[in-house]
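Handing you this structure, nothing more for now.
Going in written order, the chains are labelled A, B, C and D, and every chain counts its residues from 1.
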Amino acid sequence: MSTGKRKVAIIGAGLQAGRRAPPVADDPAFEIALVVDRHEDRAKKLASRFGAATATATATDWRAAIERADIEALLVLTYPDSHAEISIAAFEAGKHVLCEKPLSFSEDEGRAMIAAATKAKRVLKCGFNHRHHPAVKQAHRLFTEGRIGKPTFGRGRYGIAGREGLAREWRSDPKVSPGGQLMEQGVHLVDLFRWFFGDMAEVTGMMSTTFWPIAPLEDNGFLLMKTGGGVVCSVHASLTQWINLFELEVYGDKGSLRVEALGASYGVEKLVFSEHDANGPFAYHTTEYRGGDVSWKDEWAEFTRAIDGGVDPIGDGVDGLRAMQVVSGAYEAAKTGRTVRLDGA
Amino acid sequence: MSTGKRKVAIIGAGLQAGRRAPPVADDPAFEIALVVDRHEDRAKKLASRFGAATATATATDWRAAIERADIEALLVLTYPDSHAEISIAAFEAGKHVLCEKPLSFSEDEGRAMIAAATKAKRVLKCGFNHRHHPAVKQAHRLFTEGRIGKPTFGRGRYGIAGREGLAREWRSDPKVSPGGQLMEQGVHLVDLFRWFFGDMAEVTGMMSTTFWPIAPLEDNGFLLMKTGGGVVCSVHASLTQWINLFELEVYGDKGSLRVEALGASYGVEKLVFSEHDANGPFAYHTTEYRGGDVSWKDEWAEFTRAIDGGVDPIGDGVDGLRAMQVVSGAYEAAKTGRTVRLDGA
Amino acid sequence: MSTGKRKVAIIGAGLQAGRRAPPVADDPAFEIALVVDRHEDRAKKLASRFGAATATATATDWRAAIERADIEALLVLTYPDSHAEISIAAFEAGKHVLCEKPLSFSEDEGRAMIAAATKAKRVLKCGFNHRHHPAVKQAHRLFTEGRIGKPTFGRGRYGIAGREGLAREWRSDPKVSPGGQLMEQGVHLVDLFRWFFGDMAEVTGMMSTTFWPIAPLEDNGFLLMKTGGGVVCSVHASLTQWINLFELEVYGDKGSLRVEALGASYGVEKLVFSEHDANGPFAYHTTEYRGGDVSWKDEWAEFTRAIDGGVDPIGDGVDGLRAMQVVSGAYEAAKTGRTVRLDGA
Amino acid sequence: MSTGKRKVAIIGAGLQAGRRAPPVADDPAFEIALVVDRHEDRAKKLASRFGAATATATATDWRAAIERADIEALLVLTYPDSHAEISIAAFEAGKHVLCEKPLSFSEDEGRAMIAAATKAKRVLKCGFNHRHHPAVKQAHRLFTEGRIGKPTFGRGRYGIAGREGLAREWRSDPKVSPGGQLMEQGVHLVDLFRWFFGDMAEVTGMMSTTFWPIAPLEDNGFLLMKTGGGVVCSVHASLTQWINLFELEVYGDKGSLRVEALGASYGVEKLVFSEHDANGPFAYHTTEYRGGDVSWKDEWAEFTRAIDGGVDPIGDGVDGLRAMQVVSGAYEAAKTGRTVRLDGA
């Protein structure tokens, strides 16, 4: 007995699955038909919470999703080291993929994923959910409309306090994760600055591991990057930011946009927009987006829009690759002491 | 008829003289005996506002101050390109000097100033008044007492909107000023991070000139610097920060300190101190320093304390030189694409 | 087949049931065994979301809950005009009651509810969930410990924007609701001030109906009330507060406590605690309670603690009656122009 | 030798004279020709700081100002119990008066002052400098333009911490001052609400003396007042507000205006303007007026504009009387327990 709904498989039933499953479950056109996790109990638990009214299957091998012809799309929410293998198999089987960031473990893998999606004419969306936060979206809209004029600089700060046991998480294993906190959270800021300002031409950075025993990965990562047009952006990602912080600042010659917080443990999401008036007092317009985090719902909507429209989604595979290249470049610069040119290959 | 007060000369009767003259005028032990400015009317105006009850002299050549044996100390508030010449002559004449930042036009000049002061056993204090803001002082006290533990990182943002005619000011002339906004305002943040964390071992940076026609000087300067112990600090100084901003953040493994604003056009000066508690809700202690800017008064008090005690002042010539070297290193890194090692010479 | 869990009935499956059901459903010792609502579909919907794994029954007549001997406690979440009838029947059947505020439609009804609970030796807790917000609880703890000294005054502001169709809701029907916004939201502030300062001896007030067509009920209600010891509190409740606001301020001769917001659409819940220092700069300690509203869970825990311990809960029937009397007194004062004495009967 | 400038006398060389003298001294058309104070040294000190280049006279009897024909206007900055006598004598001598608030010690005196000014066709401006704060002015402008629509309510909070010795100040002497903190600071808020909403029809209030030993004067005064059109305003003035606070909130059916702080020890003066949008997220526009308090300069400008134009100033004698009557009404209501009708006589 079929529900007639379009079918989705979730690969990896961890924290992010708990965030990305509800929009699928709430979408009248889709249902979660399969949940895969190495730990069967985790798969079963997620399936029972967000599965379809008809029994949702579970599996411990992601190939189960590839093999089912009725599954149209995969949410690849596994560790970075398996993103490429799973996604490429999915594309070859004609499925669409929404893949958690960072896009892949290596740049080569990322390029292979993009090639596979292109060849299969399937959608590859990178899980940059921050593009779907309402304050960020509204900031991008105002920027695109020219409300702050020509860019002058960007600044981003993103940090959390870590938590007990962090050093034993997969995130802290350099065989699984392509980087430390700059790759984990900082990559969102890098992606957002690229969304506003375009590709970066060069990057430098400094890394440190000051508190959490996760070397060679960094608990504090800093980068400076510059567009071909000469606009510099600063990004800092921290695991010793004891009070959760997210701030994105975009400045132009006519004004500025600042996104503060992301809801939940970051505080009320806000957009602060200021139009520069050289003659008046300091003034700015604030919009507060109180209540729950709606970025996951909007991300899902964009993914399905791209599938149905046969178009590239906002935050596609190339965006995923480029952001990763910037962070990798910062790592290289930190090691060699040389600013890295980014050639866009 | 003498007032019996100790005598001070102010060299350069511009904006900063208007800030530094009142504490001298209000000090019962000192008086402003001479004001020098290339523009006699400016000298006269300052003298009439802050001069001693007995007539305060004015002059258009700073040598007038050197020649007067009764003058004990000079406030050197001229453009950076004349700091060294005036200060060295003052030391040779046995006078003390409080010199506006940046300390000098070149590093060699800075070293010569320090050598002259040392030889003459006179006080050389660099005009880093930010060390004398009450929120900064209290932050430094808490840091020194170990309240935030071992350093993990530093972040600083400092910016203003510029003003009409900026491009025609001396600040925008590379023959007079050793740098753009990173040297003008950013140097304060560099100095403060050195005060908290000690000497920097390396620095990199990126510069841009995006709005104000002041190239080759930057209107937005970014640097990353690292102590020998591996603590990274980020500094951004901007002339396109449309709403005046000052923020200094110092993080350690037990907590954090944040200084916001500097009074006046920056808003209420605040210190936000947080002790990290992994188990409790986010919490922090805020102290507000409402009312006027008291840093100038405290800077003057420290200068006279050093004179009377025959000791090095807080923020001395070496501090002035070191901060300047960091900023110069950032300029070099921005040009060459190579991180600069700072060897402390 | 029994789950062995203790059984609870929810009477009234509206908005507040959606908030109070989850803590019961999550309590390993209890289950929602019955949901009653005049509209059966609403009852069924709530039962399906929060009911026990074994089928949860539904009914359209609250007497179904009274008749079931296995049901130990009722959550009475109906309109105020039926609180007394349902609760009294529940007590007579030996059940405990957690009753939504305002406690009842009339003071006489409230007194009868208290008498019935006392006679049956059952728990009557009034749904003052605000006492269970962590910032409020912590404020009360600090107050009780004497951290702000002897009370000097209280101030409270509470408001929302209303919503389309408000005039047609039961809240706007004077036959169902004993008051307007001062009774609806303001009663929470009155209850909290009583919790901190003790009983009020007199009250005056002014009401207005300025925007929403709900006369004779007020959309803006103001009251001033005074304890026997002479401490005055001001309360304003508004339906034209276009940006949701909750603020409770408690001042003493040694300091102050301020609770801001309640999470969700009110913004991040905060406690701001200041110890007065006549000689230092202004300073205060802020605790942020980011994330979801936990008051419902704590309210439920307190209710079961009282049941199990055979003790009066925090926020009992007498508290419910007294707060209502203060608001009713303000209504009377607004009509007669005479301050009302509250005699505690 | 005359300067040709128009001449002003300052009566009372206390704290407020230090605020009101500079705008006169800086006005190219006026000069302070005479300073009167019972304590000659205070008069001399003020004269030396702000007097004209030609010697400014001093006196210990205010009649010296009346007798000088060349003096055109008086700033009456004495205690309230002498406002009427001095002002009436000034009007009879053909002079204009800017009189500190509260306008007078009694309502009868206030009425006599207004009558004398009217008869003499001279300007009487009450020292409600708060009408001249830029945030308040801008709020009034937006209100008058209908930007927040029809009024729904007003709320005002104003408080300070007091200071050592307060109980021995003239303010604490009921023979000199017509009221406690509600008359001292609260009267500004009452005046502002009248400016926005028009005359008040009724008032009630509660007073308490909780900390400062100044009974029968109150250290915390609360009032509720209502316009003939039914708009209620709440005002609280406190001497136990340990962190200085000023907040004026004006709500209408289309939006709201909030003025926060007054500069200096109150923090950065801000105007927060919100246009209600039932469908969008919460949003508001903030204007910050950083830097010094400019209200005194604007007050002086308005006074001279009224003199030169032969028109009533903003904040005239009637405004002074009406605001006082509201506060006096609140005192009466607090004593009698009866709301007081204000008949506008």
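Definition applied: contacts are C-beta pairs under 8 Å (C-beta built on N, C-alpha and C of every residue); 3 or more make two chains touch, one makes a residue touch a chain.
As the structure is a prediction and not an experimental result, all values here were calculated from the model.
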Quiz prompt | Mutual neighbours - chains that touch chain B and chain C alike | solution = A, D
Exercise. Please name the chain that ends up farthest from chain A once chain centres are defined by their CA atoms averaged.
Key: D
Exercise. Pick out whichever of the two, B-D or C-D, is joined by more C-beta pairs in contact.
Key: C-D
Quiz prompt | Interface residue overlap between copies chain A and chain C, same or different (over half shared) | solution = same
Self-check item: Centroid distance [mean C-alpha coordinates] between chain D and chain B, Å
Solution: 41
Exercise. Could you tell me which residues belong to chain A and also touch two or more other chains?
Key: 243-244, 282, 284, 288, 290
Exercise. For this assembly, give the contact graph shape among line, ring, star, complete and other.
Key: complete
Practice problem: In the complex, go through chain C and note every residue touching chain B. | Solution: 134, 280-290
Quiz item: Any idea which chain B residues touch chain A in the complex?
Solution: 150-153, 155, 157, 161, 163-164, 202, 204-211, 219-220, 222, 224-226, 230-232, 234, 236, 238, 240-244, 251, 253, 255-256, 274, 276, 278, 282, 284, 333, 337-339
Self-check item: In the complex, chain A residues that touch chain C
Solution: 243-244, 264-268, 288, 290-291
